[in-house]
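After this come two complexes, each holding chain A, first together with chain B and then together with chain C.
Let's turn to the complex of A and B:
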C-alpha cells in the first residue's frame, strides 16, 4: 500500500515550482532589456531596437552570444570552486521565490491550490538565510579565480553585503514587531484587511530599500563591479555563460527583492480599495498576481531609474552610510516601534 | 579674481559656502530632484535618426555617389571624351571608348560612347570636378553615398552600377536616382 501521500499536492507544487522558476528567469531576461531601454530613454537615446520589433528579441541575442563565447577557466584557478561560484549565485537567487505568496488560493478541480510553494512559518528568516548565502557565490568566485583583482572585488562585495545586511535585518525586526508574524502569507493577509505596512513603517521601508539596493549590488552601491574603476570586480576571470550566470543572478536578485519589498510593505498581491472576498476567487487570484507584478515592475523601474541618476559612492562613504547612519537609524526605529507596540498592548489609546 | 576686478562675462558664479541645513544634509531632497531631472528626460525628443530606415536630408549641393546620366529618351549622354578623367585630381576614373554601330541609336546619344566606365570609390574624393568638366551633362554627383562593403574591389564601380535607371522603363527609380540635387554651375 502506498503511503498516505497526497500525490496531487506534489504534482501541483512541482508545477508551481517550474512556473515560478521559469517566470523569474523570464522576468530577469526582460529586466536586462528593460535596463537597456530605460537607460536609453533617460539619456535621450533609443536603446536596442534592431532584434525583432522594438528590439524585443535582444535578450535572446545576448544570451546566445554568451553561450557562443569561449569558455575560459584559468590554469591557476581551483576549478571546482570556480564553477561552484556562479552556480551558487544563481541557485540562491532562484531559491528565494519559494516562500513568496504569489496570489490568492485558487479553486480548481475541487481543490484549493495555494499559490505559494511553501508557507514556511519562518518565511522571512528563510529569505534572509538564502540571501546572505548569495555572498558565498561572489566570494568563492572571486577567490577561486586566483587573481588579485577578482579577490579584491570579491572582498569589496562581501564586506558591503555583510554591512548592509545588519540595518536591513534591524529594520525588519521593527516590521515584525508590528505584524507579529514571520510568515509572508500571513503578512499579506493582514495587509489585506488592514493598512499596508508602509503606513506603519515608513522609515523602516526607506532603510530596507537602501539596503536592498546595496544587497543587489546596484548603483549607487555597485562597488563590487564598478566597471570603470576596478578591472571588472569579482567576475574578472569569468567568461561565457558562467559570467552570464553572475550577471543574470543579479537581475533575478533584483526581481526577488522587488517581490519581497512589495510583499512586506505594499500588500503583496492585495488590490487596494477592493474587498477580494466579494468576487470570484479565481479571477481575483489572477488580478492579484497582476497587481503584485505591477508593484514589482514599479520597483524594478525604480532600481533602474536610480542607477541612471545617482553616481557611485566612494568606498568610505559607503561604509559610513552603512555603519554610522543606517544602523543607528534602524536601531532607533526598532526601539520606537517596540515602545509603541508595548503601549498598545497595554491598552494605551493615542 | 581680485576684489576690484570686474567680470567681463555673465558666467561668474559665487560659490555658496554656507553650512548645509539638516534637510539638505539628508540628501534625500537632492536625490529626488535629480531623479525628477532624469525622469523628465524620458519625454524629450531623441536626436538619433534610425539610419537605414530614415536618412538625414542633404543639402542640395551635397556631392555623393556618381551617376551616369541619360537623356529624356533613355540614351546615354557620355561620349567617352575623357575630360572627367583628366579633371579628376584623385585619378579615380578610367574608361574605354567604342563606336556606336547602326541600330544602337536608341542606346547612345552620339557616335561615340563609353564601353567601359569605372570609378574607384576608395580613391574618389567627391570634389565634383568631373561634373564640372563634363561637356555633355553625362556625369554628376548624386545625393547617395557609398555603402559599406566587405572587399576593396567592390568599391570599383562599373558602368552597370553608375548608370541612372532608364527614364521610360523605370520612371520611378529614375526620379529617385535624380534626387533633389542641384547641379553646380561650372566656374567661369
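Let's turn to the complex of A and C:
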C-alpha cells in the first residue's frame, strides 16, 4: 500500500519541472543580455560585445563574476533571515511556472503527456497567491540587513505590491466573468476556439499590464531600489550571489508575468488562424510552445522598452496612480463586464 | 500508511511546532514568519481535503495580505524584546485563564460534535471545490453571505473615516 503511485507520472512531472525551471533560468539569463543590448540600442551605444560573438557569453561572465565576489553578511543582521530573503525571492519567482500550460498535450510512448505541471482548477488564484508571496523576499531581506535604506526599500516594496495587487485582482475578476473558469488550461482552450481575451477585456489587460510592471518592481515603478534616494534599496547590503539572486529573480518575474499575460489575454500557446486539430499532435505542440515563447519575447521587449523610455515615478504619484486611478478604473471595468455578461445570459434583452 | 497520511502527519507536526514557536520566539518578526508557516501548513491540510479553493484563498488573504501588513507594522515600529513594556502579573494571569477557557471550549466542541469522529475522506470529497462552494454560498446561504459583505463594507468605510480624521487633525495643527 505504501507509495502506490503511478511512477511514470512522477518521472514525467519531474522531467517537466526540471525543464521548466531550467528554461526559466536560461531565459532570465538571456533577458539580462537582452536588456543591456536593448538599452544600448535605445541610447545609441553598442552594449556588451566583448565576451563571445556579439557579447553572447556576457550573462555567463556576469554570473561567474557574481559567484567569485566576496560574500559579506553584515554583523548586526539576522543571519538566517538575511539568507532567507533572496532565497524566498528566487523561490516565489520560479513557483508560478507550475500552473502555466506550456503547450498541447503531446503523445509519446503511448502516453498522453500534458505540458503543464499541475492543472489545478484554481490556477489563476494560484498565480495571484504566489505573486502576493513575492513581497516577503524583499521585505525580509530589507529588514534583516539592519540598514535604514534597505528597510525603506523593503517597506516601499511592500506597500507598492499591496496597493497594486488590488486593481490586478479586480481586473482578473472581470476576466473570470468572461471566461467562467479559473483554470489556465481551460482559458487557453477557450481562446483557441473563440477569440483572444484581449478582445473582450482591453481595459482589463491594460490595468493588468500596469500592475505587472509594479509587481515586478520594474521602472517606472522601481521605487524599492531607487538608487538616487535609497542607495540600492532593499539589496544595499547584499553582495555576491545573494545580490545575484535578487537581480535574477526580477528577470524571472518578468518572464513569468509575460507568460501569464500571454496565457490570460493572448491565447497562450494558440497559433492564430490555424486549427491545431488538423495537424500532427506533437508538431503542433512544438509550434505552440514556440508561439507562446514569441509572445513572451514581445512582452519582455515591452518591459525593457518602457524601462529605458519612461523615468521613475515619484512615490506619491505611484500611490495616487494605484489608489485613485487604477482601482476605480478596474471597478468600472468589472461592473461594465458584469452587466454585459448578465445581458448576454439574458439574450440581449433588458 | 498511504502518502496522504504521511503528508498529514508531516503537516500537522509542522503546524503545531510553528504555532508554538509563534508564541515562544522572542523576536516579533520571527513570530510573524512562523505564523506564515502555520498558514501554509493549514493550506496544505485543505489541499489534502481536496479543498483547493480554500487553500489558495487562505494563502492569498492571510499569508499574502494580512501577514504582510503585520510584518510592515512590526518592521516600521522596530519592535523587539527590549522595547517591549513589562507586562503586569495580573494581566498575564488573566490571559492564561481566558486562553485556557477557550482551549477547553474548543476541545469540548470537537469532542461533542458527531462529524469529528468520522474519518475524514482525504482527497475524495469535492465540497471544497470552487464550483460547489459557489453554488452553496449563492443558493443556500445568500443572506448570511450578503450580510457579511455589508459588514466588510462598513469595516472598510470605518477604516477610511478613521484615516481621514487623523489627516484632518494634522492639517489643523
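Here, the second predicted complex is superposed on the first by the 344 of 350 C-alpha atoms of A that agree within 3 Å, B and C clash if a C-alpha of one lies under 4 Å from a C-alpha of the other, contacts with A are read in each partner's own complex, and residues count from 1 in each chain.
What we mean here is this: a contact is a pair of C-beta atoms (placed from the backbone, for glycine too) under 8 Å apart; a residue touches a chain by one contact, two chains touch by 3 or more.
Everything quoted here is computed from the prediction, not taken from an experiment.
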Partner chain(s) touched by A:107 [first = chain B, second = chain C, both, neither]: neither
Partner chain in contact with A:65 - chain B first, chain C second, else both or neither: neither
Superposed model, chain A: greater residue contact from chain B or chain C: C
Partner chain in contact with A:305 - chain B first, chain C second, else both or neither: first
Touching partner for A:344 - first (chain B), second (chain C), both, neither: neither
First, second, both or neither for A:121, with chain B first and chain C second: second
Chain A-facing residues of chain B, complex: 31, 34-35, 37-39, 41-42, 44-48, 50
In the complex with chain A, residue positions of chain C that touch it: 1-3, 27, 29, 33, 36, 52-53, 56-57, 59-60, 63-65, 68-69, 71-72, 75-76, 129-130
Complex contact set, residues of chain A against chain C: 1-5, 78, 81, 120-122, 125-126, 128-129, 132-133, 135-136, 139-140, 143, 151, 154-155, 158-159, 161-162, 165, 182
Touch list for chain A against partner chain B, complex: 41-46, 49, 305-306, 308-310
